[in-house]
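What follows is subunit A paired twice: with subunit B in the first complex and subunit C in the second.
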Partner chain A sequence: MVLTDVLVGGLTLGGLYALTALGLTVQYGVARILNLAYGQFLIAAAFGAFVLATRFGLSPIITLFLALPVGFALQWTVYQLLLMPLVRRTGAGPALETDSILLTFGLSFLVLGICVAAFGGDLYSYSYLAYPVDILGSKVSANRLVAMVFAFAMTAVLYLLLTRTRLGTAVRAVAVSPRFAPLVGVDVRAASAIAFGIGGALLAASGVLISMFLPFSASLGVVFAMKALIVVIMGGAGNLMGCLVAGLLLGFVETLVASYVDPGLTVAANFTLFLLVLLLRPTGLFGKTVR
Partner chain B sequence: MTDQARRQVSSRLLITVIAAFGALALGDVRAQEAPKSIRIGYVVSKTGRDAPGASASTTPNYQMWIKEVNAAGGLMLKAYGKRVPIEAVEYDDQSQAEEAIRATERLINQDKVDVVLPPWGTANNLAVGPTLNRHGYPHLAVASITDKAPEFAKRWSNVFFFLGMGSQYGEALVSTLEEARKAGKIGNTIAMISVADGFGVDLSRATRNVVEKHGFKLVYDKSYPPSTQDMSPILNEVKALNPDAFIAFSYPPDTFLLTDQAKVLGFNPKVFYAGVGTALPGYKKKNGASLDGVMGPGGVDLDSPAIQDYFKRHTVSAGYEPDRWTSAVTWSSLQVLQQAIERVGKIDREAITREIKTGTFDTIVGPVKMDNQMYTNLWWVGQWQGGEFYGVAPKDKKGAKAPTIPKPAWK
Partner chain C sequence: MSRLTVVLAGLGACSALAIATAAPLLQGGDYWLSLGVTLLQYGVLATAWAMFSGPTRYVSLATAAFFGIGAYTVAVLGESMPWAGVLLVALGIGVAIALLVGLSTLRLSGVYFVIFSFGLAELVKQIVTWYEVNVTRDVGRHVFIDISQRQIYWQLLALLVSVLGVWVLMRRSRLGLALRVIGDDEVVATHVGIDTSRIKLMLFVLSAAVMTLTGAVLAPRWTYIDPEIAFNPQISFQVLIMALLGGTTRLFGPLAGAVPLVLLFEVLSVNFPNYFLILLGVTFMAIIYFVPNGIAGLLQRVMRHRRSV
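And now, the complex of A and B:
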């Protein structure tokens, strides 16, 4: 088994995992909402890309750039309409997490129902950028490469957004200390809503990207949500670098185990890694005890 | 007892006796009247992991059947001399066996359905088996493959298996490969992978048991977890071993992924066999001409006018084509059920079960007769040839095409 195959394979798979978790880490880390409907919205974005690509011939790359503002607007609206009452009621305290879990859990069924009504239970898949790209002698599908590059790029863009802009600093302030951020003039609710929206933009973009190479059906939202959750918790909620590193680690471990040990042990290996990280660093690789 | 009480008791007793006789008499009269409708219930996976399978092979067939029967006025019940329409009750088992059992019990106990159509999937069918057996409902287990079918048939006298056993699929596949080897088209090395779930475990075990007998060597024999999102580590390994035949007992998402990634990696074995999913219309739509030569379980005799007509009607009714494996068998099982009910002439589940067990039925896949509660005149191996998934094994079955080996390179 050539080492470059493992390296490239691990990178692309890790990039995929990190990509699907980026939005969730922003939503959970900043807005303190554990969005259990995350996977379902991701699938909805994938369906959108499918319809636009197959019925209207729109290139998924264009859909990708359309998905960013649409995803932002949708999740921002969800936050304002559905989650804001919870935030107000719980005062953005610890009760918000449990309440938001219940609400987003119900929301996931709503979105699931809409997807099933519109598309049925079938598996959907289309081909885009499905040609091989040669990297160091290893062949990788171009669409997976795009997903990986996008994951890295988005992490960089988000990092710059969060550290070099006023809005970003306000969002970081809310993430670190929601209780005292108002003291320095930060509108916590607005910043949380925007953070939730940013998570939504990322989630929509990742949905479009994965639709290029992963077959999906309305019921697959749970699988994505679970994987994203593992990456988020392992990397530390709210930490972008943590999310990227955790995703890459999982991707590498899975590829290594599949290539050198046994493909049947990949899930076991991933969860063992997850457990180890949590045992050694309970708040995640880069997480800190917040609150 | 006081006088008054005794009078109340005796008058109550009189009323009760009169009412009882009245009910008996009325009941007798009602028995001659046809029921207003025949209630047919079914539990299918509309959501969850099994939804793609059910929505391809099962649900559209049930819906089309009920629509067509009711369009003709209903099922002909000769005991009453008239057609009685079907009233359908549908539940979602969410791809969970426990939910399938619960919903089936609800159908029988609360909705009081006359007939229960089976769910999709081996796990679900085996889960609802005891319930249907206990209540005496005929159980046409179509979308289920289990090597334990003969045992279940002995245990449940009301169950009928329509899709064969894993051992039959494995044996037929390896025999087909052996013929190709004897004709000098391929060598003797096989790489086999299987999804770590019922289907994969069953069929890989069946194949593993017979490869040596047929003169083959397994150079790679691994299983992978369902919902794996990247098959390239496995494919890279297998490609490096350069096997003559690649066999994957996979589920639809993995089948799609294996095909995509094999193309990207340029993995062109002489035989490429993938599992569930190869017969799906979505697989054909996505891959088009590049599918030529891909093998999988199942197949269909597309030269048969009955099958062609079925395909047309299904496409109109459901909006998409049937799959090329389980769909036609599901439809023929419904034909068996309908003919059995109409031959018995009324809803007498014991008689219907007896009729299915012993009768011969006329269906789109030809005459169907149960052999020890199993229907085994099936296509075991199919292959995409010229844009269609024809049956390749058994090679002496009507409509069989010769397999194209080696498979042309991916287009």
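And now, the complex of A and C:
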């Protein structure tokens, strides 16, 4: 009974973490830019879903499909407008990593500031599909289940997009070798911008899904960004399978700690797991297959 | 040429500092004293930040974590010990945590360190909150320590002077030379026999110790402290901006960045309290775009240009 609770809880939470981190791993793996503003944009998407659901009565599922193109366009623009000057200045060299970390850190405060100015610091939530469903004797709320189904569906679609299309192949080529991709006719900067956009679509979708079942506030962005970063590093940058496994792992560990130790120690559990992986396998769980 | 830059940056910082120092002497009222304390607070923090991040180029986002550790330790121990003892305990905790974090992340590439330091404040905050909820059953504490704003001011000034002194001494020692090599090329540094991880760790601990002390010294300024106040991530962000604006490799660089930005933030937070974070973010992004090497680097470039003309 309790075991199934942990299983189902871990699976829903882990699936969501995997989805949250998926966009970041695509962005970081391809564009080599660690987007610290990721979590803040995610919260902004959650606020968007909240406003659409409460003011206009729009179903979050419709918002979800709206969020995909909007998120893509927004992050694509962020790359083209805000990050391109840095890419040019540094010649995509090692200085880009530091500069872009700093810039996206600044950007995260800008987005946080906008969220705080518009909504204040309170927790927000709305009710959608908030009734329990029985799975193997364990009660889960329907919205969590819907979120999980969408999370796995989108992971599958992303996988197909990256492995079965021409565009996806180009993006993967840049991830594998940014220096040699131009030799086979891939425009590295365009591919990086598209990768940023894909990450944006995924982060907007995660934001909408999270808003369906978790109360959120403007300051939660840091927490989501941190969890996504941990999952990305654990799974190996740009590694989709690694991201999925690491996300599920994090979800299970967090559920275990929350149900058997103390819900107040989940961040500590995240960090312990992160440290363990770093010390034992510094290149991530699937480090060897990357690059 | 580079000496001239130092002189210029130093002059700016010193004059601002002189004004700040004069403020409490002039008995010019509490506002000026409070502004002086804030100037010193960020001056010390930015210098400490640059001490580690300047030469190693590791972006540390952990300032708030150490600052908070210092402040919260004082809030907890409060009057149970003499002031010097409280400071020592805070210092000890800060150093221990810095060692732990440094040992586990500094051997790895910079990105891991950034991520870890990004979440460190949140982590410490959660652990402290958990401890307070479960063990002491009381989150948030009142600070009843009889230390006036003026005393805080002098303590911070002493801290600033000693930090600058350590910086100068360090730069002139073998350690300073090793640091410059690490800053230029870490691979070369390892090949000439420099133990890069040990040196990075030393610097990180030193910088964290200063940040912890700053937090501890400032704690009596608040009458009430809870984990949310102590571990406010905004401090990490502001310190980072200041150090970067000034330039992280010159002695007075961080100070030269801290003074104008503290004043700017003061004006912004008074006039646009609701949009403060937005303006903070925009200021920071503008600095990254337009002053990538800080004021010190900018001055250096201007002078090189003049000379060549």
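To be clear about the criterion, the second predicted complex is superposed on the first by the 272 of 291 C-alpha atoms of A that agree within 3 Å, B and C clash if a C-alpha of one lies under 4 Å from a C-alpha of the other, contacts with A are read in each partner's own complex, and residues count from 1 in each chain.
By definition in this document, a contact is a pair of C-beta atoms (placed from the backbone, for glycine too) under 8 Å apart; a residue touches a chain by one contact, two chains touch by 3 or more.
Note that this is a predicted model, so its numbers are computed, not measured.
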Fit or clash - subunit C, subunit B, common subunit A: clash
Partner chain in contact with A:116 - subunit B first, subunit C second, else both or neither: both
Partner chain(s) touched by A:139 [first = subunit B, second = subunit C, both, neither]: first
Touching partner for A:223 - first (subunit B), second (subunit C), both, neither: both
Subunit B versus subunit C as contact partner of A:262, first or second or both or neither: both
Which of subunit B and subunit C A:192 touches, first, second, both or neither: neither
Which superposed partner A:9 touches (first subunit B, second subunit C, both, neither): first
Which of subunit B and subunit C A:124 touches, first, second, both or neither: first
Contacts of A:239 with subunit B and subunit C, given as first, second, both or neither: neither
Partner chain(s) touched by A:63 [first = subunit B, second = subunit C, both, neither]: neither
Stretch of subunit C, among 25-33, 169-177, 241-249 or 277-285, that runs into subunit B once the two complexes are superposed: 25-33
Set of subunit A residues, in rising order, touched by both subunit B and subunit C: 112, 116, 223, 262, 264, 266-267
Subunit C residues within the subunit A interface of the complex: 57, 59, 61, 104-105, 108, 110-112, 114-116, 118-119, 122-123, 126-127, 129-130, 133-134, 233-234, 237, 240-241, 244, 274-282, 284-285, 288-289, 292
Subunit B residues within the subunit A interface of the complex: 45-49, 51-52, 54-56, 59, 95, 193, 196, 222-225, 227-230, 232-234, 236-237, 240, 252-253, 256-257, 260-261, 263-266, 277, 280, 282, 286, 320
Of all residues in subunit A, those that touch subunit B in their complex: 1-2, 5-6, 9, 12-13, 16, 112, 116, 120-127, 130-132, 139-141, 144, 213-215, 217-220, 223, 254-255, 258-259, 262-264, 266-267
Subunit A - residues contacting subunit C, complex: 34, 36, 82, 85-86, 89, 97-99, 101-103, 105-114, 116-117, 222-223, 225-226, 229-230, 233, 262, 264-268, 270-271, 274-275, 278-279, 282
